[in-house]
Every structure is written in structure tokens, then in C-alpha cells.
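My questions all concern the structure below.
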Amino acid sequence: MTAEQIIFLIVGAATLLSALLVVTVRDLVHAALWLVAALFGVAILYTLLNAGFLAVVQVVVYIGAIAILFIFAVMLTRRQAADTGAALNKNWWAGALMAVLTFAGLAFLLQGWSGFSKTASAIPSGFDAIEQLGGALTSPVGYVLPFEVASVLLLAALVGAVYLAFNKK
Amino acid sequence: MNEWLYIGLFFIVGLIIPVGAIGVAWILGPKKPNPIKQSTYECGIEPIGEGWVQFKAQYYIFALVFLVFDVETVFLFPWAVKLGQLGMFAVVEGIVFILILIAGLVYTWRKGMLEWV
Amino acid sequence: MIPLSWYLILAAGLFSIGLFGVLARRNAVAILLGVELMLNAVNINLVAFWRYGDVSLMAGQVFTIIVFAVAAAEVAVGLALVISVYRRRNTVVAEELDLLKW
Amino acid sequence: MNFLNDPLKVASDWLTGIFVSWGMNDVFAHVLVVFLGIFVLILILMVIDILLVWIERKVVARFQDRLGPNRLGPFGLIQPFADIIKLLIKEDTTPAGADKIVYNIAPMLSMMSVLILWAVVPLAPVMLGVDLNSGLLFIIAAGSIGTLSIIMAGWSSNNKFSVIGAFRQVAVMISFEVPMLAVMLIPTIFSGSMGMNAIVQSQDIWFVLFSPLAALIFLIAAIAELGRAPFDLAEGESELVSGYNIEYSGMKFGMFYAGELLHAFTFGGFWAIMFFGGYRFFGLELVSPFLAIAIILFKALVGYWVIMWVKYTVMRIRIDQMLAFNWKFLTPVAFTLVMVTALMNALLRGADGWLYVTGMILANIVVAWVSLEVVRSTGKKERERVEGVKQVVEAHH
């Protein structure tokens, strides 16, 4: 077992454990903090996959913005510091069954796929992912359309969210 | 991969130092808790209720606008890196991208959502 | 070297946990937390397929970034909905939002 | 290759040799040496941090026409060390009802978020730290962890003041992150890279000459990001006592305090790296790496001094004024500047150095002038509107 594999196993286990705590702990601020831990684990996985830029972006977007937004929303929508009531609904076992079945199904499907245990080839030297990304995002034969559509999507989200949450009647 | 190992080491050492400092302080400092000392500080007045107050919805609005612009700049950084090698077309693309999001800011502004009160 | 299968299994696990959160949580904010986990599972897959395929094809990374934008939009609108409902009905428990049953 | 030309390599080779001769695996010895190197770097940073306490107190005393610490040691130099000893032996209280784990993690994360920034600081041509190709965004990522630690500290203390303080501080930090991210695009456009070293290397002419407005916006946003005056309303002692860290005592408070000072110093360094040539100074950096380190530390200190100067000169402004200033002025100006810079950069491509500089400066002046003119006319209209309302009210009486 190589060092990389050991790091993967530790980080992967920590990520999954944090994710489990996200969906089970009752205090929502704690759940949001566990989400931060899980997403940080995912960022480490990106660095293992040689996608450093995405790892940094993951931290900037998820921990710096989305987690903060979640905590703000939790603080805005509760009356007391202690949450009342159960964390899970009464049909949670059906949800658990669904999740287990999904996982089993995915694992079964993947396991039958020929490229399943592929290993990666080395990154060519001088390969700069950010520059490649910039080229892909702006080249007319690349992803210009998704690039511009993303900004329209963000605009729509901003307008929609502002209208929804705070439309003064 | 290698460079991220160093960053990881930085994280570890960056945690060891404050943990060590706080740990040493914990060992050296006296520990005599009492209920008055541990009560929540509210300028001498008895604390009433939980440590939670009604928040302004405005905090959420600012976080929301921030989130949108944060994601936007993530798209713009690769664009800026590559810009020196690209033609006018790419510059115009980036400007259109920014203008679309500025429109969102203007909408929020016009709706009066950027006012604090 | 880590085989591709490890990443795929991890992503499948993360996706299932997120699915469980969406189906089982009572609080609407917590449901959105579950959705975030599912989106991240997708991202792991995208990046892993980029890395294990031809790295000069940037589709995997480009769509990861697009998923970031989608996640941001989803959280923004989703939480705005939750806050809007909270201001009208004074609850964030998904089961109690049964206005459409009438 | 001798010690004076590349001290880091010589030292690390020597140490690796020793470790290998002890029978260690090559890779493991290398990692251990790097670990020790980082440890030493961070210890040096902590010593600098302690000295910063002294500098800050001395400088503020001078601004306020006082003497500052002068009893302990020459010029009071021993004073901060005495403070450390005091912090170490103080009792550490945890308020009742606090969320213990989150409460204890927050100060550590706060300090860590500052220390890891030094991973990407290029100290000398041969001491680059980690030359990440996404270095600029790494600063923002580390700042995100700092933001999170503030919210954790405020929330877990179970105190109304601390929660309000944390929320205000976070609202300000995330708001000013937008213009900061925007102006970070400008050095990226000039140098064609987000790596710190590439940015430093491409500054044959300092970027502040290309884009003085961007340097100014970065400074303002950095001050807000640091939560220092005039943007320190989380502290607002007359209303919030001390903000998010109100319940912290002893070394845990010390972590927040030391973190803030080191953060300010670090941002002085980033300001220097992005706009003032980093470790470069007319070729002096090539003479010796030690000289290069001295140059970057000096520039960082100058940046830190400017931040202190602002802090002790300008009064605190209200949160609504501050957020309005950010969203209605700084953010639009920053994005306009990015668009104009991208356009000018494409138009002036191939132009020789001084023509390029002149064009860029002209663009900056135009952007600054137009935005100030817009603010002036809006202010005038607003004043007339308020006057009009006043007259109507008076006529009504």
C-alpha cells in the first residue's frame, strides 16, 4: 500500500463519517459544520486527483460562501437556540433502505463496468490545468455557451432568491 | 500532488502551534471554576434567555449576493490567466459575463435590498 | 496509485448518504444539506473521470465548475424558499408544509 | 552552491543526509526535513508576531502622542514577552452553556488560517514556499477558514454580544471579499498567472504603476477583511463590548489577538507581492537570498504600517454606511476596473513598456474620475432631494 492510498483511505473515511453526521445530528449549526468537514475532505480528494485549482475553489465556494449562507439561514429560521423535535421523520427507515439500495445498485453497476479498476496515467509535464481551463471556457469550439449560461443562471438565482425571500407585501 | 503535500504539512504545523500554546496555557493556568465566573458576560446584568437574538434578514441578502459574485470570480480567474493569449473575442465574453452579473446587483439595488434599514 | 474504483465507490457512498439525508430529515434546511452532499458526490466523479481519462480534455473540470454554479444557485434559491416559508408559516419542518394537500 | 546563495537547499541537503545516515527511507527523510523547515518558519513567524505586538503598541502610542511601553527592557522590548507569560498562566474560563468543542476549536482555526497563508509567500528567488499555481485564490480560501472560525467562536460562546459581533464581522468580511477577488484579477491579467512567484517575476515595472486604483481597492478591502478600524464595528466596544471573542480569556483570546496582528502583517506582504514587486528591488534580490527576505519583510512592514496609520487616523463607520460603501461603490468600481483593464490589455498588446504603463494609468484615472463624478452628482441630487423635503415640511408647519 502506497502513502497516497493511505491518505485516500483516511480522508475518505473521515469524509464519509462527517457526511453521516451531517444527515443525523440534530443541531443544524453542527450539521453545517460537519458539512464543512465533509466538503474539506472532498477538497483533499481533489488534490489527490491533481486538481488543485478545484480544491481551492471548493474551499472558497463551499466553506467560504455556501456554509456561511447555511449558518445564516439556520440563525434566521429558529426561535430558540435548542432545536425541538426529532431530527429524522417517521419514515426515516424507508429513506435508509432507499439509500442502501441506491448504493448497492451503483456498486453493482460499477463493478460490472470494464473501466472500473483503471489506473491514471501520469500528468504530462508542463500541463497547467488553470490555463487549459481558461482556454476551454473561452474558446468558441469549447465551452463558451456553458460559461455564459452559468452567469445567466447565477443572475436568475440572485433575482429569484431576492424576490422570494424578501418581497415586501 | 507533491506541492499539496507541503500545503498539508503547513496545515498540520499550523494546527500544532496553537494547540501547543493553548495546551501549555491549560497546564500552567489555575482551574477554579465557579458559577459566577462562568456565567455569560453581559456587562454585569444577569443574562436572560439563550444566547440568540432575532437577526435581520439583511445578513442573508448580503451573503446571497456574495455567494453569487464569489462563484462568478471562480469562472473569471481561469479567463484572466489565459487572457494574454486570447483575442478580442475572449475579452468581450468576459465583459458580457461580468455585465450579466452586474445586472443582478443593480436589480438587488433597485429593489432596495442593499439598504441596511 | 489509487484505482478509479475507489473514487467511484466513495462517491456512490457520499451520494447515498446525501440521499438518505434528503429523504429522512424533517428540517428543510437539513434536506438542502443532503442535496449538497449529493452534488459533491457528482463532482468527485467528474474530477475522477477527468483524471483517469485524457487529461487534456477539460470537460470534467469545466462541468465541475458548472456544478459549483448550480450548487450555489440551488442553495440560494432553496434557502430563500425556506426563509420565505418560515416568514409566512413560522415553520421549517418539511412535513408541516402541506398546504397543497387542501 | 554555498550556504549564502541557497541556504535552504544547503540546510535541507545536510539534514536529509544526516537522517538518511540514520537509516531512514529517502522519501520519509525528505518529508521530515520539510516538516522541520515549516516548523522553524512558523516559529520565526510567531516571534515576529510577538514583536508586532510591541511595534503596534509603540506606533499607536506615537500616533496618540504617548510613549508606549518603555519600562521592561530597552524601549520596552521585553513587554510583549511578559504579556505572553501572563497569558500562559491566566485561568481559562469557558462560559456555561457554551458548545465546548466548537468553542475550543475556533481560536486554533483562526490562528491556523493566518499561518497557512505563509505557505504561498515567496520569500526569495530560491525560497518560494509552495509555488502553487492558484496562489491568489489560496489566500481567499484561507480567509474562508478564518471567517468560519469567527462564526464558530461567536455562535459557540452562547452570548448575545458575541453572536451579533460574529454576524456583523462575517457580513463585512464576505462583503469586502467581492472587490478583493475582483482586483486580484488585475495582477492575474498582467502576469498571466495566479502563482505568487510568477506575479513577482513579471513585475519588471511594479503593478502599482499599471493600476494604482487596484492597489488602493485591495488595501481598503484588506483592511475590512482584517476587521480593523475604520471597519472594526464587530468590536464596537460601546455596543458589543468586544465582538465575537468576548467570552474568550487567556491564551485562547491571545490566539485571536495574535492572529489579527499577524494577519495584518501578512496582508501587508501580499499587498507588496501583488503591487510592489514582492522581494524584488532593482536587482538587489539577486545579490543574496537574505537581502531578498529583508526586502519582502520590509515591504510587508511598510504595508502593515499603512494599515496601522489608517487604523489610528480614521474613525469607525456604521455598518450600514460600510456595506453601502462596499456594494454601491467599491464593488461596481472594482468590476468596471477589471473590464477596462482587460480591454486595455487587449488593445495595448505589443506596445512597449512605457506606452503600456501610460495607457493603463490613463484608464485608471478615467475610471476613478468617472466613478467619483457619479458619486458627486448622486450626492448632489440626494442633497437637493433632502432639501426639498425639508422645505415642504417647513412650509407645512
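Going in written order, the chains are labelled A, B, C and D, and every chain counts its residues from 1.
Definition applied: a residue touches a chain if its C-beta (ideal position, glycine included) is under 8 Å from a C-beta of that chain, and two chains touch if they have at least 3 such contacts.
Everything numeric in this text was worked out from a predicted model, so none of it was measured.
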Could you tell me which pair, A-D or A-B, is linked by more C-beta pairs in contact?
A-B
If you average the C-alpha positions per chain, which one ends up nearest the average over all of them?
B
Rounded to a whole Å, what is the gap between the Cα centroids of chain A and chain B?
17
Mind checking the centre-to-centre distance between chain C and chain D? Centres are C-alpha means, answer in whole Å.
33
Taking the mean of the CA coordinates per chain, how far is chain A from chain D in Å?
28
Cα centroid separation between chain B and chain C, in whole Å?
21
Which residues does chain C have that touch at least 2 chains other than itself?
65, 68-69, 72, 75-76, 79-80, 83
Within chain B, the set of residues that touch 2 or more other chains is 3, 7, 50-52, 55, 57, 59-60, 63-68, 70-71, 74-75, 77, 80-83, 85, 94
Where chain D touches two or more other chains at once, by residue number:
132, 134, 137, 158, 163, 167, 174, 177, 194
Pairwise touch network: line, ring, star, complete, or other
other
Pairwise chain contacts, counting only pairs that touch as defined:
A-B, A-C, A-D, B-C, B-D
For the complex, which residues does chain D have touching chain B?
31, 34-35, 38-39, 42-43, 46, 87-97, 104, 107-108, 111-112, 115-116, 118-119, 130-132, 134, 136-137, 157-164, 167, 171, 174-175, 177-178, 181-182, 185, 188-189, 192-194, 241, 246-247, 250-252, 254-255, 319-320, 323-324, 327-328, 331-332, 335, 338-339, 342-343, 345-346, 349
Along chain D, where are the residues that touch chain A in the complex?
27, 102, 132-134, 137-138, 140-141, 143-145, 147-148, 151-152, 155, 158, 163, 167, 170, 174, 177, 194
Touching residues on chain A, where the partner in the complex is chain B:
4, 44, 47-48, 50, 52-53, 55, 57, 60-61, 64-66, 68-69, 72-73, 75-76, 78, 80-82, 130-131, 133-135, 137-138, 140, 144, 147-148, 150-152, 154-155, 157-159, 161-163, 165-166
Please give the residue numbers of chain A that touch chain C in the complex, ascending.
2, 4-5, 8, 12, 15-16, 19-20, 22-23, 28, 31-32, 35, 38-39, 42, 45-46, 48-51, 53-54, 57-58, 61-62, 65-66, 69-70, 73-74, 76-78, 83, 85-89, 91-92, 94-96, 98-100, 102-103, 106-107, 110, 115-121, 123-124, 127, 129, 132-133, 135-137, 142-143, 146, 150, 153-154, 156-158, 160-162, 164-165
Under the stated contact criterion, what part of chain B meets chain C in this complex?
57, 60, 64, 67-68, 70-71, 74-75
